[in-house]
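Note sheet for the following structure.
The chains carry the letters A, B, C and D, assigned in the order they are written, with residues numbered from 1 in each.
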Amino acid sequence: MTEYFGTTVADIFATMPKRFKPEEAKEVDIAIGYEATGEGGGKWKATIKHGTLKVETVEGELTGCKTTIHTDAETFVGVTLGKIAALDALSSQKLRVAGDPKFLMLLLPKIFTPYAAPAKKPDAVTARDIIATIAERFRPEKAEGVAMTIGYDLAGEGGGKWTIVIREGKCAVREGLADPLTVKMTMEAKTYAGMMVGTIEAVTAFTSGQVKIEGDMAAAGATAKYFLKYVVPGATEAEELISLRVINSIEQRFATGPVMGRWFAGIREKKFLANRCPKCGRTQIPPREICAWCRVRVHEFVEVGPKGVVTHFDIVYFASPDPLTGAVRDTPYATAYVVFDGATEREAITLDLKQEDIPRLKEGARVRPVWAEVTTGSYRDLIGVELDEEEGSI
Amino acid sequence: MKMHAKNRNVAIIGIGQTSLSSHKEDQNQAEMVHEAVRNALADAGLKIGDIDCIVHGNMELFEMQFAPDLWHSLGTGAYGKDEYRITTGGTTGATLVCAADNLVASGLYDTVLAIGMEKLQEGNTTGGITNMADPLWFRNLQTGALTGTTAQEIIDEFGEERAKRAAMRYRIMMDKHAMLNQRAHRRLGLEYSQMEDLMANSPPLVGELRLIHMCSQSDGACAMIFTSEEKVKQGTKNPPVWMRDHIQVHREETIPNLFGFNKPEVTHHLAARKLFARNGIQDPVAYFDVFEMYDPSAWWAVDWLREFFLLTGDEHLRMLEAGDFDMDGRIPINPSGGVIASNPIGATAMLRLAEAALQIRGDAGGHQIKKEVRHALASGFGGTFWSVLMILEKELNWQEVNHD
Amino acid sequence: MTMQEDHKDCFVLEGKMALPNQNFAGRLGSRFLIAIRDRKKIMGLKCNPCGKTFVPPREYCEKCWTKIADNWVELGTEGELVNFTVVRYGDRHLPKKPPYILGQIRLDGADTPLVHIVEGIDPRDVESGIRVKAVFAEKTTNTIMDIDHFEPV
Amino acid sequence: MATKRVAICAVAQHKNDSDLWHKRFQGMLLDVLEELQAQAGFTFDEETGVNTIVSCSDDFFDARTISNNGVTDVLGAQYRGEEKMAQEGLNAVGYAQAVILSGYADLVLVMGHCKESQSESRRMISNMGFDPFYGRAVGLDNLNAAALQARAYMKKAGLTEEQLAGIVVRARQLAARNPYANAREIVEAGKVVASPQLCDPIRQLHAYPVSDGAVGMLLASEERAAEFTDKPVWIAGFANCMDSYFLGDRDLTANFALKQAAGRAYRKAGIADPRKELDLVEVMDAYAYQQPLWLEGLGLCGDGEGARFLDQGGQEKYRVNLSGGMLAGNPVIIAGLYRAAEAALQLKGEAGERQVPDLHRAVAHSTTGAAGQFHSVLILER
């Protein structure tokens, strides 16, 4: 398979079940199709339902997918590894999404842990190098009261025979094998180095007979905790760059003051109270302490609406996540710029439009407010507006 | 406005940028700032000891760092020096330039280092922008800085086909410029042959505003060094670029009026009209050799070219269609690739000025325009349609106009 | 100002400012934090011209502008408590329940004291000058709190 | 040619309060703006009026991105230039001076606001001023950092509990005569000494109360000042200075940044010996121990002599914080701007009950960051 950035497309799909987070996907019911073109590409289908994941390769047509991602193999790997920004790939059409792109941007990062390319084999590290660091990796606080001698017989290049002595909270390494030993381990030097740097799984090495253990098996199993993990010096390829994810949250008490307070008093009564500039006569909605143009304090309140006319509107296809919950509202939704009856020209207010009304929304449409069942005097009282068709003015 | 002659002339003598990218996991905020500062000092051939004062700015709720200049002093070199932190949202980078200009012109400081930064990867950009809305009423309704109303207005005025082609032509032109700029963040390799495909298939965000039209979210910092005419006369490593004049226009916060259609006079137009009048510039298209414009989206850019150049009718579209704004056109726009290519918000507006100054010096490298650049214009945009406009000159030879 | 105002329509709306963030320690900071987390070692950076060893890490010495980012030296995990306070208020940002001791600890080999928490001594008995040692955290968080606290030697 | 000097022509303060629950900060600023206009009679005319505003507020305290966006209208900044000083407000005065000296504007309005009562805890906000890994994680904030400084300074200067109490008692007595102060109730020394420890050695009554406030000023060029006042107060010098960020990098009692800032401001003002040439001092004393510490930094007494200076009547000699100072309650973001306002009122002779005679030159001071990382010094004269 062709590698891009040292990874194949197949690698990514092969690790998908391992990276799947079922607890995050309980509510998810979706089939996602992937078509990666070019060398090393192919077709895959991931079906997520009731917190389970099924990944299959597909020959022929991708069918039954709610969202399908089309891209070339290189871009696919690049985006997965974070080497290519997903937004850039999406912008330049190198990556296309049939269906709702928000699944790609928001759902996938939630239900999968990111793909991490396995660290490069630090071939240069020998068993001898690792043994040399044993004394400085020793954790005396973990080895209180422990007295043991561990022998290593490591064959091949970079190998040798060593005895590690742990006694009275100290650790020493000696060349050669002491007698007696608490435990003796025999293996290829390559195998030892592989286990220590993490390219060979220890359990596999034991069970497959690559490692021969003589003496106290239990003691052998306990040795790891007496030492800090070996870190490959200058292992820049696998260098860990630390980051912290946090939500910073500070409670607030937002004052309304008398002017916005009056607006909310009106809202509680399902009335829109604008305030009118004594100089230019403009109606401010919501009201403000001053008219910015005339630089005079505004005292007079006038009721406007409750119906009005839509001067502009935005149909939003790509909702941003709520910064607090990560939840994303259904798209498309519409925000309408409404000038209430009795308001002065251009003094529009932005309001949500009822979703069912979107297909029939036009500039100049008349709308009426939709109120919450119980009004308490906050922005939540006004759910939005809906088309006011009784007057037949659409 | 009553303007006096500047107390003394001010020149840009050092420019430093970091690369601009979607992520910088290997640097903390102070380290990223430091990279730009080092680059600016090297560009000017100065040592940190030559700097009298630091001006710093960003938008703190993106990174959620309170009074960030205190920590960033580890990168800015502010230790033992005078320092100011001045911000104005998206226009911050431009305001920093205005502040550095004022501080040097005042005679209080000889050499001032200005730094704009943002590490957008550390925050939630859209959430951060939404947080600018009034908490009592509008915060639940806003979606960052996304709106399709300008697109709709251009479509209403010029017809769907022409309007959409204009926005996409502008967008592809910006990418072609960004491809020449090694530091730019988004370099997509778009071709004009992709126009129809992009117009039809780029994922829609809001109305006719599509993903392809919108600016990027970047990490990066920009640092610039300003000094007095007297200091310039003692010799500079690179040719000085002169700060001729700047203007800022703010307007009230009201969300329905935020994105442009409530226009007794658009702030950009007002800024341009006043600035050109008091500097005796009759025909800005003829006068300026390059314009680095703060262009958050292709639709806004198309619309704003008319405002900034005080054009009428479809003049701006005709110029765009004729290639007048291309790299080799009459008045190239954003040879750097602009904000659409790279947008570390607190640095973005300063990058406009930095890029304009590099064009005057002839040091823009791959994206240097061919003809000689003697007069440059740069703009900043932010807040609820706030505008900043700045004029740069190669020679210290302009006429004082309309001063007392 | 003595503006007389009617307060009858005024009220306060409870809300919050809350935004998600991801902070990066950078390459330098990561090395420092990983040394604490994985090797239980506290590393300092030395400025040779100034002859001073700093902690926490920083790229360059701001006094002489020398780049020190590669000049790591290992500090002791013990040191002297040079200054302290007793935190007695409770705010959500504090990592421990009050009252607790917040101290400045000059680690052996360092010139600049590190701010950290001191436990294992009654706040009434604590005094500057005592020797303290780092107690590393069992559950790590990739911050300086991977040293859980310091306690008297 | 541009102007040579800049004048403070008018000053307006909003009364400080622990919880202005009935006011948006927009309303507070509008009161200040109207008061300034009533005093100085300026307009926003494009030719002859205010065209440049330097505001001061904070995104964290306002809980909104681009805090100045919410107040453009009440600053009078519609279709005008406006810049936000995102540091403590005294720096806005320093910067506004530069805007006028540069020739860019001949009138500048300086307007600052802050409602500390709005947020859950100002300490949580200052915790976010620390870096996320070394400072924030360990719970550092401006209070516990100040407490570290307080202990170090009390030891160095021999500052006693009784002296700290005396500072608070005096501040409250003076505040009782300042109608704009927040904490105006007289307290007795015994009550201060017995008030609970907040963060040793800082007691509850050693710390400034949570405050809401707003301040404005009109600055003008020398040529135009007379149009707005017959008692201009001149800016003679301004400077500020940054110290190291990490607390451990600093000698917390050395006043490095304040000495630098004061030295530069004195030089600009032509002051050779501050002890002989200053008549009035307003320092930003968020905590009682800071008053003598900052007075040392301003050069009014020697290093470590702050405590002795108190006993020798230094506060009265230099008329320190006649307003009651920050201990009587100002929001941290504009506490220095209040200092400048009070110093200017005294020099103008408009300080009401707290007015003292024979003033020529005053200093206003502010600080930002943990344990005084950053200091600003403004010299005003008649």
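As a working rule, a contact is a pair of C-beta atoms (placed from the backbone, for glycine too) under 8 Å apart; a residue touches a chain by one contact, two chains touch by 3 or more.
Note that the coordinates shown come from a computational prediction; the quantities given were computed from them, not determined experimentally.
Nearest to the overall CA centre, using the mean of each chain's CA atoms, is chain B.
When the C-beta contacts at A-C and at B-D are tallied, the pair with the greater total is B-D. One inter-chain figure worth recording: chain C and chain D are separated by 29 Å, centre to centre, where each centre is the mean of the chain's CA atoms. Mean C-alpha position of chain A lies 31 Å from that of chain B. For chain A, residues that reach two or more other chains under the stated contact definition are 241-244, 246, 248, 250-258, 260, 264, 288, 292, 323. Of all residues in chain D, those that touch two or more other chains are 21-23, 60, 63-64, 72-73, 78, 119-121, 124-125, 127-128, 132-133, 244.
Among the residues of chain C, those touching two or more other chains are numbered 5, 7, 10, 12-13, 15, 17, 19-27, 29, 33, 58, 62, 141-143. Taken pairwise by the contact criterion, the protein chains are fully connected, each one touching every other. Remark: chain C residues 1, 3, 5, 7, 10, 12, 15, 17, 23, 25, 29, 33, 54-56, 58, 62, 83-89, 91-96, 102, 104, 106, 112-117, 123, 141-145 touch chain D in the complex.
Chain B contributes residues 1-7, 28, 30, 54, 57, 59-62, 64-71, 73-74, 78-89, 95, 98-99, 101-108, 128-129, 131-135, 247-253, 267, 270, 382-384 to its touches with chain D in the complex. Chain C meets chain B in the complex at residues 13, 15, 17, 19-29, 58-60, 62-63, 65. The touching residues of chain C, counted against chain A in their complex, run 5-7, 9-27, 29-30, 33-34, 38-40, 141-143. Chain D makes touch with chain C in their complex at residues 12-15, 21-23, 31-32, 35, 60, 63-64, 119-121, 123-124, 127, 132-141, 143-144, 147-148, 150-152, 196-202, 244, 246-249, 252.
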